[in-house]
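A, B, C and D label the chains in the order they appear, each numbered from 1.
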Amino acid sequence: MAEWTLSGALNRALLDAMDEDPRLLVFGEDVGRLGGVFRVTDGLQEKFGEDRVFDTPVAEAGIVGAAIGLALTGWKSVVEMQFDGFSYPAFEQIVSHVAKYRNRTRGRVDLPIVIRIPSFGGIRGKEHHGESPETYFAHTAGLKVVAPSGALDGYRLLRLAIDDPDPVVFLEPKARYWAKEEGELSSDDPRLGEARVVRDGDAAVVFTYGAMLTRCLDAAESLEGEGISTRVVDLRSLAPLDVPLIGRCARETGRVVVVHEAPKTLGLGGEVAARVMEEAFDHLQAPVARVTGWDVPYPPAALEAVYLPSVDRIADAIRRVTSY
Amino acid sequence: MAEWTLSGALNRALLDAMDEDPRLLVFGEDVGRLGGVFRVTDGLQEKFGEDRVFDTPVAEAGIVGAAIGLALTGWKSVVEMQFDGFSYPAFEQIVSHVAKYRNRTRGRVDLPIVIRIPSFGGIRGKEHHGESPETYFAHTAGLKVVAPSGALDGYRLLRLAIDDPDPVVFLEPKARYWAKEEGELSSDDPRLGEARVVRDGDAAVVFTYGAMLTRCLDAAESLEGEGISTRVVDLRSLAPLDVPLIGRCARETGRVVVVHEAPKTLGLGGEVAARVMEEAFDHLQAPVARVTGWDVPYPPAALEAVYLPSVDRIADAIRRVTSY
Amino acid sequence: MDAPAHWAGTEPVRILEADGTVVGDADVGLSPEQLRELYRHMVRARRLDRECMALQRQGELTVYPPFEGQEAAQVGSAFALGDEDWAFPTFRELAAALVRGVDPAQYLAYHRGTWHGGPYDPRATRFGPICVPVATQICHAVGVAIGLRKDGSDACALAYFGDGSASEGDFHEGANLAAVFQAPAILFCQNNGWAISVPTGLQTAGEIWRRADGLGFPGVRVDGNDVLAVYHVTTEAVRRARAGDGPTLIEALTYRLGPHTTADDASRYRDEEEVERWRAFDPIDRYGAWLLASRHADDAFVRAVDDDATAWVSEVRAGVTSSDPPPAEWVFDWTFAETPPELARQREEALGG
Amino acid sequence: MDAPAHWAGTEPVRILEADGTVVGDADVGLSPEQLRELYRHMVRARRLDRECMALQRQGELTVYPPFEGQEAAQVGSAFALGDEDWAFPTFRELAAALVRGVDPAQYLAYHRGTWHGGPYDPRATRFGPICVPVATQICHAVGVAIGLRKDGSDACALAYFGDGSASEGDFHEGANLAAVFQAPAILFCQNNGWAISVPTGLQTAGEIWRRADGLGFPGVRVDGNDVLAVYHVTTEAVRRARAGDGPTLIEALTYRLGPHTTADDASRYRDEEEVERWRAFDPIDRYGAWLLASRHADDAFVRAVDDDATAWVSEVRAGVTSSDPPPAEWVFDWTFAETPPELARQREEALGG
């Protein structure tokens, strides 16, 4: 069986999509000649030429704004914001136009734009290189927000995002770019918007996404010894959320933990907790526990470990909800 | 007793603050000669001169960035983003610098900047003039976010925001600018960060802020007839949230409704619901109900009523939680 | 004769003096019929603009931004575009929209508060949605221009924006992208002297047309109240675009005779006598005088145009005032191509199934 | 002699040829001692830069952005500033920081991953925090300049940025604000030919220094590898700033000899032989040759500077490697002036306080 890194699988997704659709473009800062700082666009310019894969000036608002114009002329775009913290200059174009264009034009204009953003922390990066921007985008009506946790899903979700007629903000967990996964790449099922039960269990359920998935799985493993059987769900689609699955898992276990890197306040944990209450109030045995980054700016490399949810913090939360 | 509009009270707050502090500046688009599109800065330029109250080019990132530099040279700034939707071009400066500067400099640099933003809907405005940006800012660690609901609190909170050593995003409900309130302006108590019980009641509690407060009060009144006594809390400080008060009210009533204009997903309602669960799980008699804007772009004037939480929707939610 | 402060500095390209006397080459390649059409467009535009002010007072429209005084800048530039070319407006380009064939009643659904910036079909009309976040549309136009070039089309894209908008970062990013990619884009700045209450003199210390040079492409300054001159310089920019020579920045000097919008009280920041003085530069009087003097039209024509405008405006008015309020479903129907389950639930909650 | 592509076009201000021969007025108002100090700064800077590359390889630093080749641009400009003046760096201005008296070990706490952009005191040093979001610092420098002017001070603020950063909207907004408010600001662009993998030719179709004209203030192009020329043009910009004449844009033509950062494999996008060719423009060799030829220094001095640099660098190295890891509390302590109750709770949960 083939072995894939997330970076390699995403690269392959772009290659296959560009092969199939001659009107698909890839552009952004350093995505052409260099192949991207994380190599996700490696080799695409050689294969498809500078007309379809090109470097742009350092101008994020211009990049996203141009993608809108290109969509109006029938070109699909996958644009890259080089790092999470550098998507903010494009915020107005994304929120005021990308998210609203279909609505503003009464459905007459599709914006099949994928905005790829290497995201989250855990790579000992400098400030502005470890941001978790998902709340900003997932709260914005009109955007779909996706975050793969590994290579196979990365391929699948990026292909689905590119095929989607709506704009998709695609958050790639930097900390997982080089992690390997075995399997065949395929883009059939699921549809965007579906979460995935990665590990079964009935004592509690942990909802998470991105690079935190592996930590949640480790925590779940570590609790087997204590006889706590923990279900782990990879949300994958942060907007829209897979509310039916969230509700079902909450009802079946009655005990819920949400884990993410983003700061606690107004992070997805709060939204998931509210959904759980709406969908499973009478089945809840314990308050939903949130294991998240703290309400502080992402710290420097030397202090990442203090900020990021650790396997221990996650395991403690599972113990807390199961022993409530 | 004096009668104040929110616009007039905010104008007076700026006037008094500038009187007391010769190093306080007010600048932005049309805040000088014109006195602001909502007249909040009316008369300030005549009184304090063009050196302290000045118009700027149409450049929101530049305005906020300049306020940072001015703070480094010991000048305090109250800047205006002309409308909610026009704060987005400044997003990078606000999130990457305003929110993080104290942290980035290990506490060596204060940024006593107040970013005033006429916010929310309900004035039959055009697109981009009815946005509820609070989640974007309240999720951003390092920012305080305040939203007054009326004139007297408007004065109090703006004075407190200006005196605060940390940056404050000050969201002014456009729909309330001309609403009158009787009373004396004063800036003593509360401290920023404290919510306020506006109406007492023990059957349920409604948490809200901004222009929705009056609708929540109307809904509460309308339910007295049905013998439902509803407490109404004006959160006022959206970041940090007054978690102790939220917890206490939730424990005392056991039934909670949250109301805001912002879209439901990742709006403050979800965060408040999660806090309620964390603070009052064993006292909860019903799932927290969220009455919010829908997960769509803010609609045009003709359809505002379909989007905004109505007194009926709020009353229904209160009935739902009290009869659960 | 003195002129608005923001007209100072480099002399703009001009063909007709304020009084209609010819100071340049009036043969800009237009047939007599087309020359008369320009006039018809400007008259219709002004009459509709004034009607909209009235409709707003009568509560038939929400806030409305009048363009009186800017008819030549908008009509002359839009008239220079071909069917396949695109134009991207701000919120004040109703005159340009008319020239592009956008249905005025549809367009005015925006100001009636019936729908957002795209009440008409931006693809069919090749006229971008009405755009309020200033300067953002420049990047969209540049994207279209890049796309057209990739398709080997010789069409181009023109972006309208104002003197205030030119202070935004998006102006710079869009202009630089256009230059780097040699995009067939035309950046058309209507410098009308004001950004709401802020005069151009507080908006920039330079001349806007000169910014192009620093980005490596040509800029030109034109008398924006001289419809022939505007048509002429825009035609030249279009020619360059079609030839693959890249973008052009045009600064059209004009003057906003009305308030910023119907919600604006301009007397708070400018002297209405001054405004009356600048009526001397009225683009329609100027062009009308030349049309008559040059025998391209006679009084009968002028009267006919007037009557046509009257009839046409009342038609538009009827179209606007008779338009139905939008159905509630519209709030939900176009957030996504396919409404996700949770949003469908909200839709049901709002509309009752 | 051919030169890097981005040096083409307008001839830059130059005093010393690449081989050190004088082609301008070498009397820029510096005493022999100061002339030698310039050399000492450049040598120390380069030696520390190379040491940092080594420290990164040895795991003592996280990703590091070398500035080799840009010593003259940074040292010459920073040397022209007075004590009361401010400078705002990007992430590559360690040489400028040294001239401003920033403690290198403190500065390098940033690259060690100990703390963020402000590991030193930006107020005491008047050296802004290391700034990664490109071009944002330009607006901060302009704000400082406006503030200094309001205080009646004659100090100014200089912002460093690169050729790539100049494509960002913040460059335009900051530059325009500086012009409109006649702020004593200096926009200092180090055009080193590259924005990571993107050559200046794909970044802009024009010459960066010429952008100032369109905004109504002077721009100048200087040979950024000629420390005397850089000092000279910056001094002139400082003079204008102090005189209340407003901002100046300086484009310093230089070349990034190293990779973008230690994480960058430059061989993927540029030919290392080419890079070696441009070593012919080395700013230190050039200046050293002139110092000796002009008798402002002798071989003994050069040797002494070398020995001093060796000793100094090992001191800095010791300071960096011996620095303690930051305490966990730092994660919480400076989010707000006073930690709010809920955050205090999180702090306790994290630190078990």
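Details
Just so we're on the same page, a contact is a pair of C-beta atoms (placed from the backbone, for glycine too) under 8 Å apart; a residue touches a chain by one contact, two chains touch by 3 or more.
From a predicted model like this one, the values you see are computed outputs, not experimental measurements.
Two chain pairs are in question, B-D and B-C; the one with more C-beta pairs in contact is B-D.
On a Cα centroid basis, the chain most remote from chain B in this structure is D.
Distance from the chain C centre to the chain D centre is 44 Å, each centre being the mean of its Cα atoms.
Centres computed as Cα averages put chain B at a distance of 41 Å from chain D.
Between the CA-based centres of chain B and chain C the separation comes to 36 Å, rounded to the whole angstrom. Centre-to-centre spacing of chain A and chain B amounts to 30 Å, using the average Cα coordinate of each chain.
Each of the following residues of chain B touches two or more other chains: 57, 59, 61-62, 85, 88-89, 92, 96, 100, 103-104, 127-128, 141-142, 240-241, 265, 294-297.
In chain C, the residues touching two or more other chains are 115-117, 133, 167-170, 173, 176, 180, 202-204, 330, 335, 342-343. On chain D, the positions that touch chain C within their shared complex are 167-173, 176, 179-180, 182, 202-208, 210-217, 219, 246. Here chain C touches chain A in the complex through residues 86, 115-119, 121-123, 128-129, 133, 136, 138-148, 150-151, 157, 169-170, 173-174, 176-177, 180, 330, 333-337, 340-343, going by the rule given at the top.
Considering their complex, residues 51, 56-57, 59, 61-62, 64-75, 89, 92-93, 96-97, 100-110, 141-142, 144, 164-166, 193, 240-241, 243-244 of chain B touch chain D. On the chain A side of its complex with chain B, the touching residues are 61, 85, 88-89, 91-92, 95-96, 99-100, 103-104, 127-128, 135-136, 138-139, 141-142, 239-241, 262-263, 265-271, 273-275, 277-278, 281, 286-288, 290, 294-297.
Chain B contributes residues 29-30, 32-35, 37, 55, 57-62, 85-86, 88-89, 124-129, 264-265, 294-297, 299-303, 306-307 to its touches with chain C in the complex.
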